[in-house]
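First chain A sits with chain B, and in the next complex the same chain sits with chain C.
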Partner chain A sequence: MEITIKYFGQLVETTNTTEELITIEKGQISSLLNLLLNKHKGLKQKDFQIAQNQEIVSVDTELSGAEIALLPPFSGG
Partner chain B sequence: MKDKKPKNVFREGAISHEFIGNSIYKHQSKTSIGAHNIFLGQVRADDVDGKTVSAIEYTAYEDMANQKFHDIREATFEKFDLTCMHIYHSLGTVKAGEICLFVFVSAPHRKVVFEALEYVVEEIKANVPVFGKEIFEDESHQWKVNN
Partner chain C sequence: MTNRYNRHIILPEIRQIGQNKLSKAKVLVIGAGGLGCPILQYLAAAGVGTLGIIDFDVVELSNLQRQVLFGDSSLGKNKALAAKQPLQDLNNDIEIKSYPEALTYQNALQLFEQYDIIVDGSDNFETRYLVNDACIITNKPLVFGAIYKFEGQVSVFNYQNGPTYRCLFPNPPQKDAVPNCSEIGVLGVLPGIIGSIQANEVIKIITGIGEVLSGKLFCFNTLTNQSSTLKINKNEAIVNSVLEKSAAFTSQSIKLNCEVVNTVSFKSIINKKNIQIIDVREAHEQPKVDEFNVVSLPLSEIQNHLDQFKNHSENYLFCQSGTRSKRAVKLLNESGITNCFSIEEGAQEIKNYANMRHYEEGKKDCHVPRND
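Then we have the complex of A and B:
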């Protein structure tokens, strides 16, 4: 499946992109995460949460095909 | 009052004192209200290793953030007996000393507005995907983290 990955905050600097399209087999968030860590080595040093379809998910959540976002620590307000 | 659809909480740039004043003024017609409470988040000119923060540049995962603001609103109305509530957050550049977050809660009586306001602000800090880039006077930057 094709999944849109969005990057925010300092992760935009780490990956040099705000958004990309990734093709991946069905599976869990963890397999996508491995792929992204391989593609963007700098991510390994970063602290972030993952949202699927705008909800924070754990790495053993199944990929649904919905939009994924990598979110660094929040700093609103 | 409760809303069903998330509204856009974000405003471009700082939240002006005119906007805040006008927002207070508009509540004069709501005469069941006896108590307002307001939180204003202001950009602090922090010193970090001899450099001073001159502004914060805010970005957000806007769709998710607006949904989270909406969820916080709903949860707050469930927990507290409020008459109304407003939240505005800046996007883009907000200079030191300017306002980047405006939360406004109103109720018939005072006690509930103190508790509700703290709840709302803490929920925003913890759960809304907004990201602040602290810009120093020499144009270098660091990424802010809420604690």
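Then we have the complex of A and C:
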């Protein structure tokens, strides 16, 4: 399946992209996450949550979506 | 006769009844910075009856690019106090309470109890988690906003049994993992946009109109104009664990993650009174700063002289380059002394500035205690 990955905040600098298309077999979000951590080494040091089709989900959720977003916390005010 | 709030009152969704709700409402804003300024301005203009402002920080020149309540005349003044005058000028019908102090585990619960809604405009994770947990314990809705460079996040947490900030991000990130505005910069108009959305949520909660941004995180990017609204589910276990620990809440202490929070420019403190300026270099180091009263207390001896910091409301530390003074402030924070700040300039720069200022303006405006 093809999935669009969106990066927010400082993850844009970590991955050098705002959006990319990834092809992956069906499975859990964790398998996609492993693939992304391998592709973008800097992601390992970052804190972020994952949203699938605009809903924050845990890594053991089944991949179902067309869109995955990686969302870091912001502290600025 | 035209009423100040006429344009609200003629809206069928608000009417006089909604305006009355606004005038009875009590809202506490954490931080009068980039987010706090527009939040406070719109809530004051809207006639929110009681506005609380808590901020320990002082206005610096680099704040003025986005903190639109302040001008050159506010430099060096405490933000909570400096915000009061323009807000009162904007609307004298409302009560504005300034708390020129840091939010701590000791004062948060008692302060939050006095308000209906808490709005987070702080700039560090320590305070954000403190605010979140205090809202859970006191059962107050939290209107959250946070920014990074060109992007912002907004949500309403703990509203009618909805999710909290910990349901989204259970724990603060690893130390130093997330830079803040003073390290990486921020587009000045961004907090204006995000703070205005927060003010809008506050008004919706008070008047009971529209759909409150609860259980959702609104994300906005100023460069692409793209927005996303992401659904957040409540994590009961996390909320319960905060409640279970509530008895021990006030015995916790804030560990300031970001050292920058306690770093100030020498120029911003020159007008302050009743402060103590401390040289943390070893006694033999040159140049000596003798343009004003300076207490010498080397970093290596600080822990044996903690009493030294209790006699003044604020202590400002400097060294040769600004590194050791930062370490000293961190050390003092860890010992529970939180009224200390590190001056970012080194001794030579401070000397130069003090000399230039004395030369240009004489003694009349300089309140840094002179060594006459």
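Everything below uses one rule, namely that the second predicted complex is superposed on the first by the 73 of 77 C-alpha atoms of A that agree within 3 Å, B and C clash if a C-alpha of one lies under 4 Å from a C-alpha of the other, contacts with A are read in each partner's own complex, and residues count from 1 in each chain.
Please note the rule applied: a residue touches a chain if its C-beta (ideal position, glycine included) is under 8 Å from a C-beta of that chain, and two chains touch if they have at least 3 such contacts.
Predicted model only: the values in this text are computed from it and were never measured.
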Contacts of A:N16 with chain B and chain C, given as first, second, both or neither: neither
Contacts of A:Q45 with chain B and chain C, given as first, second, both or neither: second
First, second, both or neither for A:P73, with chain B first and chain C second: both
Chain B versus chain C, judged by how many residues of chain A each one touches: C
Partner chain in contact with A:Q54 - chain B first, chain C second, else both or neither: both
Partner chain in contact with A:F8 - chain B first, chain C second, else both or neither: both
Shared chain A surface residues [contacts with chain B and with chain C]: 6, 8-10, 51, 54, 69, 71-77
Touch list for chain B against partner chain A, complex: 41, 58-61, 63-65, 67, 89, 100-101, 121, 124-133, 143-146
Of all residues in chain C, those that touch chain A in their complex: 31, 33-36, 120-125, 128, 145-149, 151-153, 168-169, 173-174, 177-181, 186, 191, 217, 219, 224, 228-233, 258
List of chain A residues in touch with chain C within their complex: 6, 8-10, 18, 45-47, 49, 51, 54-56, 69, 71-77
Chain B-touching residues of chain A, taken from the complex the two chains share: 6, 8-10, 51, 54, 69, 71-77
